[in-house]
Structure formats: structure tokens, C-alpha cells
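Each of the next two complexes has subunit A plus one more chain, namely subunit B in the first and subunit C in the second.
== the complex of A and B ==
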């Protein structure tokens, strides 16, 4: 029965997101930052300062771009809006945890995002011949699995921040802190193999490198992917899932259903 | 006696609300040391509603009606007291209860703004585990009662306010709840739409034996639907009883309407009762029931009248007096 609910929610949220296709297109364009880093590192490679070739950087940063796109979340913003506007009241009246709606909202959007990513991939392949190579079914599947886990973890972190709206007037920007950490420690700025070894060792236990670097490593083959990242991601995902459950239980007591 | 469909037992809710003075200094003070005020929105309200009963829930703005509804639907947790709907604690959000209750808010909507009404209905059918064939049958039945068969495929944003409210009712009742909480369901609707919503609620209640607790600022809604009213003011229960009893208790007067043959000054009528309207040919007076016969005789003797009628005062006026008085 839950599957039937999720299926319907996905179909309707896909239709809903399709109404916002232009907005999503521009949103994707706003996520092109990895290509700027790619340009900088490729230039450094041409001047012989780094261990990888420009083509390897192109392959890596395209993988980073895709990994980021698949893990984009906005649960912090949406849930905070539900609390502040009182819209949450309608979802509380129904026999379905509001989290499922939020999840369907994200997954439905992925359905609209995929075709645009495919077009960007085709343009990229034309502009950088030889940059994109077939990683093999196994690496592709493992990268997608890492990406799915990365999405779930990001979702629960964003949802936790959104749940703070039960206490704070506007908590959504707290998620920016998470984004800054992702930017510096996930491999978005540079391949993590270029970071000092001590930093790499510490980062291994944090979720950040596994959010981007793990799937990007599987897809680009730049460095061997560290499968321990799955375990780290899974543990952090479970931790933040527990945090969302706790915040939900405590926060509901504070809900005043304002505006509703 | 059957177990009550709705039970409120010493229900209270207190909110802590931050207060801030205007201006820069006020902002600084607010930042450094936040000041809170306790607002006792509902104070020890108790009542029971039997299955199938329709109850009007009255009170001025800020009286605590909506907060009470929010506690009865499990949206907010009572500070103290007990709420039970169909024998269950609504705050626990048990699926068995949620499948049997609904809350319709005239100022809010659950419909998905950019998609046709049918998409919201599809989601609701899935959420309430209603097979789509059955949901379609119910949709057709409710849409016919509401007279909105033609708009279900239109995006919600393209609907008129009246159509939206009707669609909202449809979405809220697709799962055939046994207990309906309605908060201003006719708010902002034109007279025809108000009538249609009233007719629909009456038909739904008769068909499914549903229990209704209804708030409205339109007394016509209450008069058309409810036989019993609960009045609250400043969070306290003022009255709980038959609608007629409310008039008996709070309006020991009758309304006397006159149409004069010649205009007379308003002051002329002050000695007969409370002058509600005067100055031209039409006069409206509120006259104490004990004096009614004598006053009517005097009016007939002292004025040349084209018409005279005696009636119960409008319910709005009675309610207004109850709120102004603020106590039983």
C-alpha cells in the first residue's frame, strides 16, 4: 500500500514539477560551478602543475557536476514554509507522514532534471571529445548507488534543518553551512587526492567526500573509489534519519498551526 | 447513550508569543532580551457532541474557536485537558482516526495550485487507500452534489473562489469522514455559493450520518445547519444548548418594524425601546418582551402606520450582544 501511495505521489509531483520546467532548467544552469573549477584545473594541468591531464579533469568534473545535480535538495526550504504558512496542517490530517510528500517532491523533480542533464552531457561530449568514457556497468551502478545514498543523506540533513522551523522563525539558511562544507570537502573544488594526506584521513570519517567524490570516482575512474565510503554514508544517513525523527516528535508539540 | 463522537474535557491551550516594540531600540531590546507573553487561547472548555449531531461553534475573532478545532483535529497539543474524537486521542494521529475525520478551512486550501483538481484527488485517494475506481465513483457523486463536474480537469489556479471552495470540500470528503470540522467554510463566497455549500453539507450529513462542528461568521450557515450551538468568548465556554435557547437567554426582546405614513424624528421612538433604525419612513425597534403588547398598542394609537411587524431579533444581533456582554 505504501508503494501505491509513493507511486501516485511521484506521478503527481512529477506533473507538478513539469509545470516549473523553466525554473528547473535555470536552476541546473546555476549548478555549473564544477565546470569553472574544471577550466582552472585544466589550465594548471596544461602548465604541468598537477598530476592529471586536462582530459582527466574534464571527465572528473563532469562526474562531479552530475553527482551534485543528483543530490540537490530543498527540503529545508519547503518544510520550513509548510510550518510557517500552516500548510503542514493539511498533511498532519492525513494518514501519511509528511516526509513522504517531501521525498516525492524531490524524486518527482529528478524526473524533470534527468532529460536536461542528458542534453548537457551531449553538449559536453561534443565540446570535449574523448572526455567522457564508458565506466562499465559495475562502476556506473556503484556510482549511482553512492549517489542515491548521498541524496538520502543530504535530504535528511536538509529536512532536519527544515524541522528547526518549529523552534526558529527562519532556519533555512543554516543549510548554507552544510553547503559550504560540501563545497570544500566533497571534491567539488578539486579531486581529494590532491588534498594533504592528514586531511584526507580525517575527511574519510565525515560524510562530505562520499557525497561527491565517491560517485565521481566510480564514474570518472580518476582514482580508485574507496568502498568504505558506503559504510560511512550509511551511518551518517541513519544518524540524520534518527535526528529527523527526534526533531519531528519534539517539534510537533510546538506546532501552533499558525495561518491555518 | 452512544459514546460521543467528539469530546472536549477541560481543554486548554496557552501560547507563548514573542513581543517586540517598534523602532531600532525595540529591535535591539528584542535581540538581546526576548520578551514573551502568555496567551491563554482556550481555557477549560468542555463539551460533548453525539454521533450525527450538527453543532454551530460561535465566538468573535480570537475567541479560541480555531484553536479548539486544531486541538480536536490533533494539529496542536492541548496544554491541559483531554480531547477525544471517536474515542481516540487526535494528537496521536492514528490512521484509524485520520481516515474518519476532516478539517475544512475556508481561508486555507490543500488543493495543488498548479494542477487540476483531479490530481489532488488522486493523491488523496492513494493516501486514504481508496481504490481509484471507487474514488472516481465518489468523485462523481460529490461533484454532482456540489455542481462542479465541469471544472475537475482545470488547474486550481483557474477556478473561481466558489469553485475552489467546493473542490476543497470534495477533496476533504473523498475519504467519507464521519466527523467533519468546518472552520468558516463559506468565507468570502457569494450568496449563491454559500447556499450551495450549505445544501451540500446538509445532504452529506443526511446521507452519511456525519457529525459536524462548524464555525462561521455567517449566521445563516448556523441557522441552516445547526440545531445546537456552543458559544465561546475569550477562550471560555459561554453557552452550550439549542439555537432557540440562545435567543431566549440572551435576547429578552423582540424586533418591531414599522413603516410610517409620514416621517417622524428618531428621538420620538426612544421611549418605546432601543432604536436600531429610524429617521425616515422605516423604523426598527428592539422592545422588551414584557412591554411588547403595551408598546404595540401605543404605537398604533400614536402614529399613522402603513405596516407593523413583530419578529425575533436577527441572530447576528443576539450573538453580538452575547459577545459584548462577555458572560452568561
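== the complex of A and C ==
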């Protein structure tokens, strides 16, 4: 019964997303930013200014690209749209927490994104021979596990911000703040090992480095991955899960649909 | 003249509407500070190891970075809200009303909106340019070229943004075009010479990133690079002309919502 529900939801949202192929294509193009950082760092490496080689940078930033692609979320945007436009009313009538619908939306989209990622990976491997090496089953699985957890955490953060729509007219900027912090402290600009040591120590306790740097470390093997990151990620995920539950309970009472 | 008056009307209305969300504006001030500081840190990371991005000294690289922030500010201030609006109007068919008005339609849809959230970014970007220009010891002529080239860069990015926005006549949704453009602006933070050769060529001839920030900085500094940086004005004009032609062409495919 439950399984059937899950399957239907995923299938429906996969089909939805297929309609937006062109969109997703542009979106992935927009996600190419790590390759620019790669280009700059490998040039610095070529001139001998950093501890890693150009190929190591290429490997690392490709892993960063994949980690970011797998953790992309837009729950904040969709949910606040539901609240504002009153679409939420329809979903409230169904015996299904809208959170699951959103989650299915995200997971279904991953299904469309995967093949495109595979193509980009193939192109990358052809352009930078030797950059991609097989990380081994263990590292691959651990990286994927970290990536899955990172996705859940990002999802709950985005969903919390979306839930704020019950109180605020516009919470986009708040999510923007989170997004910017992730950008700077997740290891996308440069491997975190190049950051000042004090900064690294503080960052360990925040969710940011584990969102991207942890899976990327497993996949690229640039630096040994720090397994403590899993614990930190898990704690933050639970915290934000609790936040979404709380906001959902409080917010539902305030909801008066458009025009109702 | 009539167009200037229209601008005044559009912008006061847009700013007033937006000012209802004061909390968002306060958050935007924070976000702009953190974002600028973080990006600056990203540039600094290179210089901390003694490396110079493409052989640009720190204060001159800051000038490139300042141009990127300036372009980014205009992107948030005008381009994003208007791009969104265009695709909304295509979705619900209200583009009809614009097309019926005795005003150039491209002008109308390009400037109708303004999002004050971009203002703190604009101030920070201008301050950065000012500091970098002062630190690089610009003369009067240099400042004049800086202002001129900055205007050209903004114009160029506008034309590019509008060109992509026009595709919403077919694709309807535009969310990701915005995403794509902002990552393009990200790549413009560094002088293109900092990139490995194939990327440099790609960012000059395929994507006009070189003309967005590096060329203006070269012009302001008077870095000897021949006529190459001046080509940015040609590129900007060409893109603008193309965007106008493409908009006309796209409108032929626009069938309003109900017909």
C-alpha cells in the first residue's frame, strides 16, 4: 500500500520533470561554476603555487560539481508558491503530508538529471584524460551516502524556509543567505584544506563543509575524508527535520487560503 | 523624453511595492555583505599563496572583481526582476497589453521592474571599484575610461540577458536562465588570463566573459593590450542589435494565452 503510493508519486513527478527538459539543461549549465574554479586553480597549480596537481584539481572539482548537482533543492520556492497562490488548499484535502509530495518532486527530478550528468561526465573524461579515476566501491558508496544525507539536510532547510511563507510575504532572501554560506564554506571555491586552519576547525561543526566537501573527498581522494562529518550532518538533519515539523504545526493554523 | 518619464513612473511604483517587504531588504543588506566578503575571500585565497591571477597584481585584480560586482548588482537590480516578469507575462498572456501600447515593447519589458534588493550590492560594488581604482593609482583619464567601460559592460550584460530571456516565448519558464547568467557572472570575477588556455579562449569567443569585466579593467588601467579591449563596445552593440532582432522574431511565435 505504502509502496504503491511511493511508486505513484515518484512516477508522476518524474513525468512532470520530463516536461521541463530544456529547463533542467539550462540549470545544469548554470551549475558549471565549479569548472571555472577548477580552471583557475589548475592554472595556479601548473605554475607550482599550490600543493596539488592540475589533475587533482580537475578530479576534485568534478566531484564537487556532482555533489552539488545531487543536493540541489527548491522546496522553499515551491512551497511558498503553494501558500501564496492557495494551491496548498487542494493538497491539504488529501490524506498526505505535502512534504512527501515535495520530496517526491525532488527525487523524481534526480531521475531526469542523472542521464544528463552521465553525459557531462563522459565529456569531462574525454576533455581531461586521466582526471577521472575509479574511487573504489567503498569510497563511492560512502560518498553517495554523504551526498544523500546532504540532500536531505538541504531539503529540510529549504522546506523550513518555505514554511516561513505562513508568516512572511517573502523569504527568498533568507534562503539566499544559506545558499551563499554553502557556496563559500562547502569547498566549492577551493578545497577546504587550503583555508586557514582556524577557519577549518570552526567549520567542522557547521553543516557547510559536509554538504559538498565530504562526498567530494570520498570521490576524489584529494584529502582523506573526515568520517566525523557524517555525525555532524546527521545531527543537523535531525535538527532541521524537527524545525520543519514544528513550523508545519504552527503554520497550518495560520493558513487561510487565497480567497477563502 | 517620454521614455524617461515612463522610467520614473515604473521605478517609483516598483520600489514602493517592494518596500512593503522591509524585512527582506534588511536580510538583503546582510546577504550582500556576506556574499561580497566571501567572494573577495575566494580571490584572496589565490593571492595568499603568492600566486597572481593571470599576472594581475592584487589591486588590479580587485578592479576586475569590482566590475563583476557592479554587473552583478545591475543583474539583481533590473535584469532578474524583469526577466521573471517577461516569462510571467508570456505564461498568463498579459504580454498582449504591452504589445498594444504605443511604446517600444522591448523597452517596456526591459525596464518595467526594479528590485531594491540589488541596491546594497550596487553600493558595495561601486565602493570596491573606487578603492581598487585609487589603489591602482588611476589618473583622471583612467577614471573616465572606467566609467565609460563600466557602462559598456552593463549594457553588454543587459543585451545578453535579454537575448536569453526572449527564449521564454518558447520555453515559458525562465528560472534557470537566471541561474545560468549568474554563474556566468561568477566566472567573470577573475581576469580571464587566470584561466587555463582553452577556458580563456572559450570565455572570450564563445561566452563574452572577457568583455564583461577583464576588458573594462584593462581599459581603465591602460594595460597595453592593443585594440582587443575596445572590442567590448562592438560586442555590446552587436549583442544589442541581435537581441532586438531576436525579440521581433520571437514575437511572431507569441500566441497570447487565449488564442
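Going forward, the second predicted complex is superposed on the first by the 258 of 260 C-alpha atoms of A that agree within 3 Å, B and C clash if a C-alpha of one lies under 4 Å from a C-alpha of the other, contacts with A are read in each partner's own complex, and residues count from 1 in each chain.
One rule holds for everything that comes next: contacts are C-beta pairs under 8 Å (C-beta built on N, C-alpha and C of every residue); 3 or more make two chains touch, one makes a residue touch a chain.
The shown structure was predicted, so the numbers you read here are calculated from the model rather than taken from an experiment.
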Fit or clash between subunit C and subunit B when superposed on subunit A: fit
Contacts of A:30 with subunit B and subunit C, given as first, second, both or neither: second
Partner chain(s) touched by A:40 [first = subunit B, second = subunit C, both, neither]: second
Partner chain(s) touched by A:249 [first = subunit B, second = subunit C, both, neither]: neither
First, second, both or neither for A:181, with subunit B first and subunit C second: second
Partner touching more residues of subunit A, whether subunit B or subunit C: C
A:173 touches, of subunit B and subunit C: first, second, both or neither? second
Closest Cα approach, subunit C to subunit B, once both complexes are overlaid on chain A (Å): 5
Subunit A residues contacted in one complex by subunit B, in the other by subunit C: 20
Contact set on subunit B toward subunit A in their complex: 15, 70, 73-77, 93, 95, 98-99, 101-103, 105, 108, 110, 112, 114-115, 119, 122-129
Contacting residues of subunit A [partner subunit B, same complex]: 1, 4-5, 7-9, 11-12, 15-16, 19-20, 86-87, 89-90, 92-96, 252-253, 255-257, 259-260
Subunit C - residues contacting subunit A, complex: 20-21, 23-24, 27-28, 30-31, 34-35, 38-39, 41-42, 45-46, 49-51, 53-54, 117, 171, 173, 175-177, 179-183, 186-187, 190, 194-196, 199
Of subunit A, residues touching subunit C in the complex: 20, 22-27, 29-33, 36, 39-40, 42-44, 46-47, 49-50, 54, 168-174, 176-177, 180-181, 183-184, 189-190, 194-195
